[in-house]
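Paired with chain B in one complex and with chain C in the other, chain A is shared by the two complexes that follow.
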Partner chain A sequence: MMITCTNLKKSFGDKQVLKDINLSVAKGSIVGLLGPSGAGKTTIIKILTGQLSYDSGSVRVFDKEASKLTGEDKKRFGIMMDRFGLYDRLTCVDNLKIFADIYGIKHIRIKETLDEVGLKDDYKKLAANLSKGMRARLQLARVFMHSPEIIFLDEPTAGLDPQSMRAIHRIILKKKQEGCTIFLTTHNMEEAHKLCDNIFLLNEGKIVEQGTPEDICRRYNVNKRIKLHLTNGRDLELSQESTDTAREVFELLNKGEISTIHSTEPTLETVFLELTGKALEEGA
Partner chain B sequence: MIKVIIGTMLVQMKQSFARPMFRFCLIANPILNTILLYEMYKESGETNYMAYVVLGAGLMGLWSCICFSSAGDINRERYSGTLALIFAAPARFPSIILGKIIGNTIMSLLTMVISLITAKALFGISLKLESPIYFFVALIAAIIAFIVISSVIACILTLSRKTELYMNCIEIPIILLCGFVFPVSVLPYGVRVISYALSPTYAIELMRMAVWGVTDKAVFIEKLGILLGLTVVYAIFSVILYRRIDKRVRIAATLEVA
Partner chain C sequence: MRNIIVIIKKQLQDTFKNKTILIQFVMFPLLTIVMENAVNIEGMEPLFFTKLFSTMFMGMAPLTATAGIIAEEKEKDTLRVLMMANVKPWQYLIGIATYVWTICMIGAGVMSTTIPSSLVKTSSAQISESAVASYLSIMAIGFVISTLAGAAIGVFAKNQMTATSLTVPVMLILSFAPMLSMFNDKIEKVARAFFTQQLKITLDEMALASVNATNAVIIAANAVLFTALFVFAYQRKGLE
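And then the complex of A and B:
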């Protein structure tokens, strides 16, 4: 396991923000932490990356206590926090140069990385003059310029348009293919469904559910029904557990009357709503 | 570590120069201060006033640059979200901050040159260095002292989100307490105690001594010794402070805006 948290607890003053967090992240996987704003997602990333201490429990990254990570260990991961983390008055190249020196990377890697994220023609543009999507890509370039083994992404697509979002997703999936382990936080359930191998639903500092997106949705599929849209425009809902359903569907199929068939398992959003009584995007 | 410091220093110079406020402190501030101080001193009856005018204006500009760059940078980094990133980076946080401070301080030395050029261009007067070697020694000691004092300030400001307020509060008092534009001896005794605990006071006195000509080597060396001693004390203080702050920041998460 690349990351393991066991009974992790953290408080700010009297307020307990993380309550017995248990999670693990396998090598080469994308793991998502889903929850509304204030659920504790960023705090977990900060603890995992050694920015914050924790009150009790165990947090291991690369099989080492997170609080004892050395500079060499930190070179093995990259972080993108929810704020952009860019120097607005510097060019794209200079933004990466400062971190190249900090991470001990040769400057030749800077342009290679900018090419990789599609900022080939924008080397000399000031970060302040980039669009939101380009800024996100520049930040991603900074994150993986040093070829990290784990990438921590805190809300990587928050506030981006669908096209930029897709571009970021492509980069993330490419990094996964290259063997990177990715730990991301999001309150976007579509993003989690599309990218994550495993997800943890977090609410008020507690993990309320975990598993693959499909498993979680199946687990809460209490209705067990299928929805048919017929060629005559009519909608039909049938129980999956009834013995007649298969026969009925088969007959309609034979007659060529079925336009679409959908199962009715809940989305992650509905599961979250059912578990916590609030929407994922609430307050986000 | 050296590579990190140099790399950070060079990028910081670019970054600072790109900021209008820094350019104002670096260029406009010494020009305006030179004019103002010259007009104040020319009828004062003081014979050696050019040291107060040129050095004073230059050092005021330098100090403003430090206050609004080295100190203010912490806040800017906090708001842009980069403070947390450099804190979590593999290089040590103090090395990165030190690189930034050195970059700003070295660039801020330009205020002295601008002040000198302004005095020459507008009033046809120049600063005659009676003891150039002593001046060079005093200047190096002053640079080190300013870098160390900036490190202490930067350390303290890492802890708080009210950085802007504090940096505004320290600019003018230090100029007055350390006697940037007048001798500290004119200050009330109680205030002078604070002045003599601040390293810039000695840095400025040494530079003025070198401009006027060092007649008593022993006094110069004694003041240089005090300056270096205070600088070492500040450096130790900044290391202790950093360790405590590092612990605090990891508990209370003050590296970001919210």
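And then the complex of A and C:
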């Protein structure tokens, strides 16, 4: 395991923000921490990366206590926090040069990295003149330029348009294929479903559910129903467990009255709603 | 050492595109050259503008530049990104301070071209020294203390707006008090408490050896005060 958290607790003053967090991240996997704003996602990333201390429990990264990670260990991370943190007055290439020099990477790697994130032709553009999606890609380029073993991404696609989001997803999946372990936080359940091998649902500092996205959805698929959209514009929802359903559907099919037919498995969003009584994007 | 050099290089690149900071470094050296060459009033003290603008330069440029740079990096989260890339806080602070001090010394070097290189000053202690060397030494001391004050404000402030609101009054006192004290005795008495006024007195003589015990104690007390403020700010806020 690359990361293991056992009974992790953290308080800010009187307020306990993390309550007995248990999670583990396998090498080469993408693990998502899903929860609304204020659930404790960023706090967990800060603890895992040694930016924040914790009150009790155990946090092990690279098989070492997170609080004892050295500077060399931290060079094995790539961290993208929710704010951009770019030098606006510098060009894309100059932004990356700073970090190439800090990590002792040859400058040839900068061009390769910019190419990987699709900013090859924009290398001379000032960071201030980039679109939000391009800024996110530049930040991602900085994160993986030094080939880290674990990449921490805090809401990597928050506020981005669908096209930029897809571009970021492609980059993340490519890094996974290259063997990188990725730990990301998001409140976008579609993103989690698409990218993550394993997810943890976090609410008010507590992990309320965990597993693969498919497993979680299957686990909560108690009201098995099918949804029909009829040619006359009407929607119909039928229970899969009723003996009449098959007959009813057959009749409608025969009459050619069915336009679309879907099974209605719960989504991560509905599971989260069922578990916590609130939507993932609430307050986000 | 590598990280300190990276910070200095980054800051150099950034300054050329940052007019707010750039103007701090360029304005007083340029004004000095122009005024010393353009204005020639009979009976005016020699090197009047060099001495006047030098005091203002040391009280203004390092203070505002250091505070502004640190506060901007905090506000835009670039400082956090540097820390996460394993740049140590002390490496960052030394990098910024070295950069600001060096740029200011280059400015002082430009201003010192108004001083005749053959000018040798003999202090009351009968020590003869080159006026240019003395001038640069005095400026170097002033820049160190002013940079410390700027670092204290930059570390304490959460963002650029807070930094500006803290920097402006300090800058006005440090840089304008010595100028106003030329016209008003009461202001002069108050201004004596500040290192800029003490260094202005030394600049008037253009000899480092003219520093007496009182001057030295006040300058040292200012340095200790701003160091203490910096330590206090750093312990309370760190570089978060």
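We adopt the following convention: the second predicted complex is superposed on the first by the 248 of 284 C-alpha atoms of A that agree within 3 Å, B and C clash if a C-alpha of one lies under 4 Å from a C-alpha of the other, contacts with A are read in each partner's own complex, and residues count from 1 in each chain.
What we mean here is this: a residue touches a chain if its C-beta (ideal position, glycine included) is under 8 Å from a C-beta of that chain, and two chains touch if they have at least 3 such contacts.
Model, not experiment: these values are computed from the prediction.
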item	value
Fit or clash between chain C and chain B when superposed on chain A	clash
Contacts of A:F12 with chain B and chain C, given as first, second, both or neither	first
First (chain B), second (chain C), both or neither touched by A:R135	neither
Which of chain B and chain C A:K175 touches, first, second, both or neither	neither
Which of chain B and chain C A:D101 touches, first, second, both or neither	both
Chain B versus chain C as contact partner of A:L90, first or second or both or neither	both
Broader residue contact with chain A after superposition on the shared chain, chain B or chain C	B
Chain B versus chain C as contact partner of A:H193, first or second or both or neither	neither
Contacts of A:L52 with chain B and chain C, given as first, second, both or neither	first
Contact residues common to both interfaces of chain A (with chain B and with chain C)	49, 51, 71, 74-75, 79, 81, 83-90, 94, 98-99, 101-104
Contact footprint of chain B on chain A as seen in their complex	12, 43, 46, 49-53, 71-75, 79, 81-90, 94, 97-104
Contacting residues of chain C [partner chain A, same complex]	2-3, 5-6, 9-10, 13-14, 17-18, 76-78, 80-88
Chain C-facing residues of chain A, complex	49, 51, 71, 74-75, 77, 79, 81, 83-90, 94, 98-99, 101-104, 126, 142
Chain B residues within the chain A interface of the complex	3-4, 6-8, 11, 14-15, 18-19, 80-82, 84-92, 96, 247, 250-253, 255-257
